[in-house]
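Consider the two complexes below, in which chain A is the common component and chain B and chain C are the respective partners.
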Partner chain A sequence: MVMRQIRAEIGVVAKADGSAMFEMGNTKVVAAVYGPREVQNRSQQLNANALVRCEYTMANFSTGDRMRKLKGDRRSTEISLVIRQTMEECILTNLMPRSQIDIFVQVVQADGGTLSACINAATLALANAGIPMRDIVTSCSAGYLNSTPLLDLNYIEDSAGGADVTLGIMPKLDKVTLLQMDAKLSLDTFENVMQLAIEGCKAVADYIREVSAFHFLFFFSNDKLSIVDHVDEHCLLSTYDGYYWRTQSNCSIVEEHSFIAWLATLCRCGVLYGSKLGSGPHLVAVLLFWILKIVTWRKLVNFND
Partner chain B sequence: MAEIAPANFVDQSVVPGDVVLDLTEMANQTIKLGGGLRQDCDAIAAMKAGTLRFSRPNKYWVETSQKRYVPCVEDSVLGIVVDSKADNFLVDIKGPSLAFLPVLAFEGGTRRNIPKFEVGTLLYVRVVKANPAGGKAAEYGSLKDGYMFECSTGLSRMLLSSPTCPVLAALGRNISFEIAVGLNGRVWVNATEADKVIIVANAIMNSESLSGVQQIGMVDKLLKKINDLAT
Partner chain C sequence: MEQRMANTWRMTVNEKKFIETALESGLRIDGRRPFDYRKLEIKFGKDEGSAEVHLGQTHVMAFVTAQLVQPYRDRPNDGTLSIFTEFSPMADPSFEPGRPGESAVELGRVIDRGLRESRAVDTESLCILSGKLVWAIRVDLHILDNGGNLIDAANIAALAGLLTFRRPECSLGGENGQEVIIHPPEEREPLHLIVHHLPIAVTFAFFSYESSVVIDPTHHEEAVMGGRMTATLNSNGDVCAIQKAGGEAILQGVIMQCLRIAAAKAGAISDMIKKEVDSYNTKRALLKIKRHSTPRDVDRGASDIGLKQNSSVDQMRVDEFSGHHVQRIKQECEEGIAKQSRDVESETKLSDKTQTNRSNEDTKNFIGGPSSWDPYSVGVDSDSLKASLASQGMQMPIEKQKDSKGEETRSEAKPEDAPENNNPKTSPLREAESAERANGEKTLKDAVKAKNRKSRRKSHSSSGPS
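Take a look at the complex of A and B:
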């Protein structure tokens, strides 16, 4: 089964110790992690473990109709509790006694599957903050509509009345940390739907691994840069200084900023904004990427001598 | 769990949960595990996201770079005074909890003669005791004037590595400045003029993900730009 397109970015909140933005289709969520730091409320301090706190909020503009005051309402409190319990399972809290880890998750655009997106974003933010974890937690939702199991429901499919199973697993350890369902399902249908959700979670885990590896390419750069595209371990960036094609090899970064990178950016933007795959601009973009790869490969070879 | 040969993961980026070593196929060997790795029955798994490193003969660790600092004994760090209690100062070193700086750690410090550090003073201190509960810090001195900025722990480790880090060597050839690097991600720079301080600070912040040769190139470009503007 096919899930919606996922996209993630790490380090979006400069002030936080770790942060990430996660998108599943039209659902966009931002997570920020602060910690481990001094406990602010002495009475809640745990002597043997770290205290994990979590807060889930939805922005006013995140749903179709603008919402009024949403912080502290029952649904938010319940989802905050669920996220906290899920993440607490995977954080090694005994390594940081008497400290506090805060996870703030905010939904910027809601289109179904917000709980899953929040958990995925929180995992990435925790990894970015360097908090020791047993394993990453990935989450995906699945449902059952018109006798078909569906993966990664959006808002319309969710409100159609069928069941909605949200699953959170630790992929390498093969353990379930979150299992939540609305409505009713017979046991064998449930088995199918859960299996589908597990596959979805594993796909998210692969993507998260790729994004973490790729993050080292531009991490902590102070330039105002925006990533135009990335292909395997290369990425095309634009900064105020020019256009760059960056490759990482053995933790050194080779940059090629040039006319070719600028052309490639133009073509890629053309592809993003309307041209179809296989059309002129797309083919030119692919060709330019190949040229850039060869140029940087030659530079790398000279580098390592 | 799949069996992963160590060679596959060394120098690769790992994510928490990745099994990097399988102990069943390495009998009778002593392995030393550094930071970021954890033993789980027969497998060694990563706890943090970073790059796995191996140093002969048998040391494995995950190299990470974060904004938050984990206190270790004998680390030099830059702290900011947060509070002063009867016997010690509370110093913030960007770690899980505040550090205590005993008043008696200063030269010529007695109960009567308590050095006056206001809240907000920047200090260069050394971590003397770092159990998970909290760190005690022994003092090197307070840093006056200059400019302090924050960076990641990976960058501060690189600045302190020997031989001298290329960006500092390149800057030192052209500008005379004083620098104190804390392993907790804080760096203090002082020079005779403010613009020199800014150049040094910017050069260091830009050198996070660059290799040696690139750092020297970046410093040259920066200095050239400044000279062009001056003339």
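Take a look at the complex of A and C:
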């Protein structure tokens, strides 16, 4: 019933537009996002939507035995397809026609649940790149061994022959995007396992939001950042330097810090553009910003326990 | 990652709107209701293990072949099952020849997960020499026409192929029992694969408007749909695999509802597959009976020329068995016969298990279908066992496997038949024996002369209904 230790880091690949590293127990995955940028292959250009491409690779050293030639094999192709379709669902592709978004996911250490870790890492990387999304997608795996539902299987539990259910949901909308299952399960057992996986996904979602807020408030020197936000049913806000910025009245990164997050957004914009307004408001904004940072830092850092 | 958009057929906006609007009122463009399947036809080819499935306009063929290979190091006692897909360019303009595209890989892996992970095909029975030689079953799926819902059709084709496939029997021989002899089908009846249950794939398509769900989308509906989910279930209500790779997000309640509908559909389809496979096996068994009346002469000719390798052995066995079958009839059980035949057949070096199998099989051949070397079995065949002839043809491989291996789904009906058959068998056999003793010489001559053979065949069919 308990997940493995999760850890996430944003901005690990400096060159990429957005990147993240996600760890679930011993499974470590790095995701990098490039985009939106011009389509490289004109024949694949979509006139109404952005083209989303995804590539999943496992490093040779990621599993116990060193593997050879894994890039083009069937498992990688299938997982690439799955990640692409999952992320495509949550990205607002119609806002960026005739462009291309590349998601590259590399497994550095594999210990079960690589697909879930990849999707979580891709979500964070997309948020880091400031790509507008409908909602974040979080994923978690669950299984059934010895008549017990287990959450977040590792490699040994996975290869024991029991069932393995990988689930990806959009937590705010409470809808299931990704569902993959293998091995046999009766219908009722499956329902229990799926319920467990959904709870796991929601826990991951909470963590991801905390990390995004943390990153935003601490590394504000990083120009491109986005706030995961739920404005109305289908639209997610993102502040996006150099392109556009918007603030809305109900901005919530972390549920319990909603007012502070809103104030922080305001201050952040103020800090960036305040110099145009004049030095007075600018100074006020910077001071307020620093105060908010210190206040929220204490609350956020407690999560990792 | 490649999407050949240039080759894709694009749907017009009008068509798209039409389909979506129709779905809002629960209508589909081909007149089906949302949870209806298209017409399913399963045909079998000339080779064993080849099946052809028509699901509406979708046309898929499956071929099953087997090969002896070395097993994986971490699974020395398991055979392997691998699925290969080929998306022929004639099926759809967006299919490219050469390397399988993403959808081809996905289809192969979904079917593979449904069959392998759920242990539908028993791989332990495919082991011959632990750690050295196992059977590798290879299923090749060819998509010939893409009318939508390829996964379901390909799954049905693969199952039909696996159920009708027979692998050659092999026995251990050589100096220390390490050599494997593969017996050709004329010599030994090939064996069925052991299939524990039938995982049936049911595909749902989700549409963004009105959250509509339909089963078995056609090609047009697939171009309009927002997402797809394939659930593989068997008729026991177990979920074997689920694949929902992104696409339209749906509520958890909708997923459970879809699974329940899929359970019902899976039961219906697996019944249909079993029915088709049974009728195919019946036809095949009947064909085999008729066929075996002729190869005797072929065999005689061949033995004269000396082409057949085992001809001398066959001749010996003929003498043994002719003496045997008399005793066998008195015994009324196959195990007794097996022991006797085993004693006589000391020339061959076999392990006990395979030996029982072989002798069982020889007696099986003797009972249900005459083998080429037995001149007297023709008489037996013509008079006896007509009522249970069809089931016998299928029953024999099952009985043999039952003796040595685990259960088999097809034999669920047969064990009831088997004890019944043993009793009526003996009485017709006694008649047959006397008849054949009288006709012994005649049948040999009949074989050479064409016209007599035909008259004998008529007597076959005349005594058929009896």
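What we mean here is this: the second predicted complex is superposed on the first by the 217 of 305 C-alpha atoms of A that agree within 3 Å, B and C clash if a C-alpha of one lies under 4 Å from a C-alpha of the other, contacts with A are read in each partner's own complex, and residues count from 1 in each chain.
Keep this in mind: contacts are C-beta pairs under 8 Å (C-beta built on N, C-alpha and C of every residue); 3 or more make two chains touch, one makes a residue touch a chain.
Given the structure is predicted, the values throughout are model-derived calculations rather than measurements.
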{"item": "Chain B versus chain C as contact partner of A:74, first or second or both or neither", "value": "second"}
{"item": "Touched partner set for A:54, first chain B, second chain C, both or neither", "value": "second"}
{"item": "Partner chain in contact with A:128 - chain B first, chain C second, else both or neither", "value": "first"}
{"item": "Contacts of A:108 with chain B and chain C, given as first, second, both or neither", "value": "neither"}
{"item": "A:183 touches, of chain B and chain C: first, second, both or neither?", "value": "second"}
{"item": "Contacts of A:35 with chain B and chain C, given as first, second, both or neither", "value": "first"}
{"item": "Touching partner for A:284 - first (chain B), second (chain C), both, neither", "value": "neither"}
{"item": "First, second, both or neither for A:173, with chain B first and chain C second", "value": "both"}
{"item": "Intersection of the chain A residues that touch chain B with those that touch chain C", "value": "170, 173"}
{"item": "Chain A partner contacts - residues on chain B that touch it in the complex", "value": "1, 11-13, 15-19, 36, 38, 45, 47-51, 64-68, 95-98, 132-134, 151-152, 155, 202, 205-206, 208-211, 213-214"}
{"item": "Chain A-facing residues of chain C, complex", "value": "1, 3-6, 100, 102-103, 105-106, 108-109, 113, 117-119, 227, 229, 234, 237-252, 255-256, 259-260, 263"}
{"item": "Contact set on chain A toward chain B in their complex", "value": "17-18, 35-38, 50, 90, 92, 95-99, 127-136, 170-173, 208-209, 212-213, 216-223, 250-253, 255, 303"}
{"item": "Residue numbers on chain A that touch chain C, as the complex places them", "value": "43-46, 51, 53-55, 74-75, 77-78, 80-89, 165, 168-170, 173-187, 190-191, 194-195, 198"}
